[in-house]
Structure formats: structure tokens, C-alpha cells
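Take this structure first; my questions come after.
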């Protein structure tokens, strides 16, 4: 069983990414449960605007799309900007819009029986809304989302430094605990669907 | 296997409810798959404000809470007012906030391994946002949501009449089709989790 | 110039309300700018479900509605439950839905040239989303919202105690500063519209 | 008085844009009230990821930023994808995040006393949520938003063709009417703030 973690930070490698730091906590928890994670930093790739699976010359999306469909678990990880998910995360969701009309060789919509989880960081309040937006988007595309399949971190009303620079705190401890819960629930849901798949939808 | 459908219309019985009309389409589709549905029209009951499972004298929530936990599938059905879910739906969500700290006799959070689906109607645009709000809320409380576990209906930009008065239309046909998909996915996910439950969360 | 502050806590008087505590900070800032505030704790009143201005016997909404229309500034103040606005706040918005079809004796929609501001508290992340929901609702009903017309407080990822019990912190200082900005912008926008009203909408 | 309309379609020129078609209806209504509009199709430009006003070599944002600040009225126009605003619209919002710390030569935050309006199209339900997201973002950045400063169009539950191909309908008529209301309110609010500006925020 594999997980793909798409880090939707606005910062290219090698800049530090707070979102990646918290996503790695989730990856560690997945690994404890036997699931290897691959990371993609989306902004390092040329993901063209559009809503098809291949937008033509220079489009890096097709290779990311393959990784999504090869993994049982997809993790969308986004920073919070102006209280909302990043444009990079929204771009990934737009490209997955094509999943709505794509079926595999057994007539299954391609996202069915894949599960999705979420990681959000930010300086300030906004994470739960970012999670809600990503949950609703992936559910509409056919992914299944188990309860409490997310972890987040921010300073609330206090602004202040990012996840990486922040000293050990109650908030960071809770984010780590939530990552463990998310990993447990994601792996269990993925296994349940592997054993008992949701069938292709009725016509 | 049982479903509980909480109709969160603002109108008391016996007023016609567009939301109930579409929820009955989903109930029929659940029945075809062997699942009986019970309906609760929340506004007929005295659900006190608060975030505990029993807010004291006169509170009708405890009996609704029992029905939720007795059913494998919960359907939240809401009208759309000013582009948002009804106050009655939000009240039900608030009362389920208590699920976050309640465990069953096997140490499971009470909402774990329950699945949730959604029905939304309205005159005008807004349904997907109402669905998103309800999805995020129930996921946070521990429910699992399979892909495409919803159906909705409205006139988009056109305003006009409600679901019940609306003549047969492409929109109504699509709502019926989406109800069948939702039923199929909800029943399959509930069965998958019954056979392979998500375990109690790590400490 | 007057402000009406509707506190949408779930707790009846005389229970302490964190939301009221932060709303009083905003009221103090409004007072410094010559604006008196009246508080209504909505849950103390019997606000019937519905979308008209008078839902009949026992409905306390008509008197609150009058206060809203008598004040140039409306402040909606809500706690955060499961990441969303309270059912009490949603109920108030639903009842204001009637404003869409009501005009004053000069043919103005009743909410035109009224301005709206927002106060949100909670233990945990979610405030900006609650603000966004309330902003969008009141804008749809005809209120004008100036920039940065809100203040909020929570602990972010840390959970922990509420606004009242929380020790002095960077977050609380920022909430006080934001209240001053909100008051300044609300009073200025209300004065601008008093001098130069938005006209009745074209047919 | 000038308006800048940023069309956030995913399709580059010269592809037809439903969003632009409805935005042109709003531009016509602005023109009737003495306001000229300039259109920018954002996806034709290289707007780099980031949250500063200039992200370096090749960044086309600085010239768009100047146009925003030169106009009294900003219109964000977005399609609806998976129920949400486009990645292109989110990118524009992220780049405006820098407005939070930028002041003009009179110590005003740069977005203060600018007003914002909204245009949203899509096949299916979702517009009001897209409007809400854009409203909340621009309000946080300092723009003022008058009531009912938007127009939208979609088919609701029916899917079907886009705005341009859609035959004359009740929905299209309502979108035109709402564009006239939006133009009236935007111009009036911009004039009110020009005559009575919101002052620089208190320290």
C-alpha cells in the first residue's frame, strides 16, 4: 500500500516548507502502519491550467496523475493564504476534475476506492476551512474520506512564526497526535475498501 | 443495516418539504439495496442549544442521538437559505459535537464506522457549499464519507419554484441519478467498514 | 449613530460568553468613535424558524428586526462550533432573508446603507471561515461591509481555554487591535453612506 | 472613475470565456454609470507563485498590481471548478496578500477605499460559494464590498451548456438584472468613499 503526498506550498525546492514538515510527520505515522509515502512538491512542476488529464506540450500533470492513481492513499497538503487553500492546491484539484469522466479497465471511476487525507499549515487561523474545501473537492471526484483524516497547525489569532520555527507547544503536540489518528484511519479505510470495494456507480 | 435521515427543513409537519421529497428518492434507492430508512423532521422536536448530549429538561436530542448511533448510515438533508445550510442542520451538528469525547463500550469514538450522506435542495445556487459544510463537520466528528454520497437540486441562477412544484427537467433527472449513486456508495462503504472496522484511534 | 450587537452564543444569560467579552472590546472601540452599542443575546429570545419577518405567535424576532433596522451598524458575533458559525447566528441570518423583498418608505431595500461587522471566538481554528460565511450572507441581503471589519480570537491548533480564561497573550493583543481597526472602518463607512447613500437598485 | 476586471478563466485568449461574457454585461452597466472598465485575462500573463508584490524575473504581476491600485473598482471574475474558484483567481488573491503590509504615501493601506465586485459562471451549482470566498479574501485585504455587488450564472443541478451557448432563459435575465444592481451599488459605494474616505487604521 502506497501514499502520494502532494505538497502544495508556493515555495519551490529547496526552500523550507512548513507544510512539508508537518506532512512528514504524517508520512512517519503512515510508515509505522506499513505504508510508504512519495512526496511531490507541485510547484516544482509545470502543471498547466485546464481541466483535462493532459493539457499538451510541456504539461507535467500526466506523470503526477499516474502517481495519484498508483497510490491507494492521496494526501493533499496546503498552506493557508488569506484563509484559503493555495492556488497550487486548487490547480491540482482542477486537473483531477477529469477524473469525473474517466473509468479504469473495469469500468470504475478512477478515483473510486482511493482514500484521501489532508495536511494544512499557516501562521494564522484558516486551516479547518482549507481542509473542508479539499475534502469536499476530493469527495466530489470520487475519493473516500474517513473521519479525522487530517492534521493542521497554526497560531490562531496570534500570527507569529511558522511551524518549523515555532517552539515545542501544545499546538504542535496536538498536530502530531492528529497525524497519528489520521494515519490510522486512512490506512484502515484503504484496507477496508481494498477488501470490499465500492462498486462502479449505477447508470 | 439502517439509515437515519434527518430532514433539517425550517417547516414543521405537515407542511410540504422539498428537502424531504428529494430525501425520499434517496431512501428509495437505499431500500433497493436492502437498507431501511427512518425519517426525523428535526424542527418538529425541541432540540435545545448546546454542545452536550443532553441539555436537560425538555431536550428532545437524546432520543434523536440514539437513533443516529443505532443506524449505520446517517443522511443529513438540508434546505439552502442565503446560500448556506439551515439553522436546524447546524443545531444538529452542534449537538453531535459531543461525539468527539464519547466512546462506546469498546473504546471506539461513537461516530467511527458510521457513514454519512447528504441531500440538499433550494430555489437557487448554493447546494454544493451546503454539502461541503456538512461533509466537513461530520468528518471532523468521526463519520466516514464515501465519494459522491450526495444529491442536490436547485434552479441555479434562475430562482423559480421548488423541487416539488418544478416540472420534470434535466436537473431533476440528474438529482435522481445522483441519489442512486449516493445510495450505492453509502451502502458499499458501510458494509466495508462493518467487515473491516476502523480501529479506535491511537492515544 | 448606533450599533446593534447580536451575540449568537449558545449559552443563555447569565452564563459567561467569550463571544460577548470580545464583542465588548469592539463596543468600547465604537464608543470612542461616538457610537453607542446595544447588545442582544439572541438565545435568550424565542426566534422561530422561518424566513419571514414575523412567524406568528410567540415569535421574538420582530422586536430584534426593528433594532437591526434602527441601527446604522450591525455586529454579528458568533462562537465557533465544529469550525462553523452557531445555529443561533444562522437562525438570525435566515430571518433576515426577508430583507431581500422588503423596502422602506423611500423604496430602498431595508438593509441598504447599513454596514456590518463581525466578532468570532472559539477554542480552536475556524474563525475566518465563520467571518466569511457571515460576510457573504449579509452582503447578499444588502448590507455593506468595509474592509477588515472584524476581530476574532482562538488558540489555533492548541485548543485550550476560552477567551475569558486565557491569559494575556499575543493573540488577545491582536484581537484588541483588530477591534479598533474594525470600529474605525465601520464608523467611517457608515458615515460615508449616510452622506452619500447607495441608491435604490435599478428595476 | 475606473474599473479593472480580472477574468480568472483557465482558458487563454482567444478561447471563448463564459466568465468574460458575463463580465462584459457588468462592464456595460458600469459604463452606463460613467465608469470605464479595463479587462485583464490573468491566464495570459505569467503570474508567479508567491505572496510578495514582485516575485522577480519574468513576473507579470507588478503591472497587474498597478492597474488594480489605479482603479477605484476591482472586479474579480471566476469560473467554477469542482464547486470552487479557479486556481487563477486564488493566485491573484495570494499576490494581493502583500497589500496587507503596503501603505501609500499618505500611510493608507493600499486597498483601503477601493471597492470590489464579483462575477461567477459555471455549468453547475457553486457560484455563491465562489463569490463568498472572493468577498472574504478581498475584505481581509482592505477592500470595501457593497451589498449585492455580484452577478452569477449557472444551470443549477442540470449541468448542460455554458453561459455563451445557453439560450435566453430566466437565469440569464436574472444575471443581467443582478449585473445592473451590482454596477449601481459599486459605483455608489466608490463615490461615497471618494468623498468620505475610510481613514488609515489606528496603530
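Note that the chains are named A, B, C and D in the order they appear, and that numbering of residues resets to 1 at the start of each chain.
We take it that contacts are C-beta pairs under 8 Å (C-beta built on N, C-alpha and C of every residue); 3 or more make two chains touch, one makes a residue touch a chain.
This one's a predicted model, so the numbers in the text were calculated from it and none came from an experiment.
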| item | value |
| --- | --- |
| Superposition of chain A upon chain C: rotation angle, C-alpha, nearest 5 degrees | 180 |
| Of all other chains, the one whose Cα centre sits farthest from chain A | C |
| Same or different residue numbers at the chain A/chain D copy interface, by half rule | same |
| For chain B paired with chain D, centre-to-centre distance based on mean C-alpha positions, whole Å | 35 |
| Chain centre separation in whole Å, for chain C relative to chain B (CA means) | 29 |
| For chain A, residues contacting two or more additional chains | 83, 128, 132-133, 136, 140-141 |
| Touch list for chain D against partner chain A, complex | 10-11, 43, 49-51, 81-88, 90-91, 93-94, 96-97, 133, 136-137, 140-141 |
| Parts of chain B lying in touch with chain A, wherever the complex brings them together | 109, 111-112, 128, 131-133, 135-136, 138-149, 180-181, 184-185, 188-189, 191-193, 195-199, 201-202 |
| Complex interface listing, chain C residues touching chain A | 83, 124-129, 132, 152-160, 169-172, 174-175 |
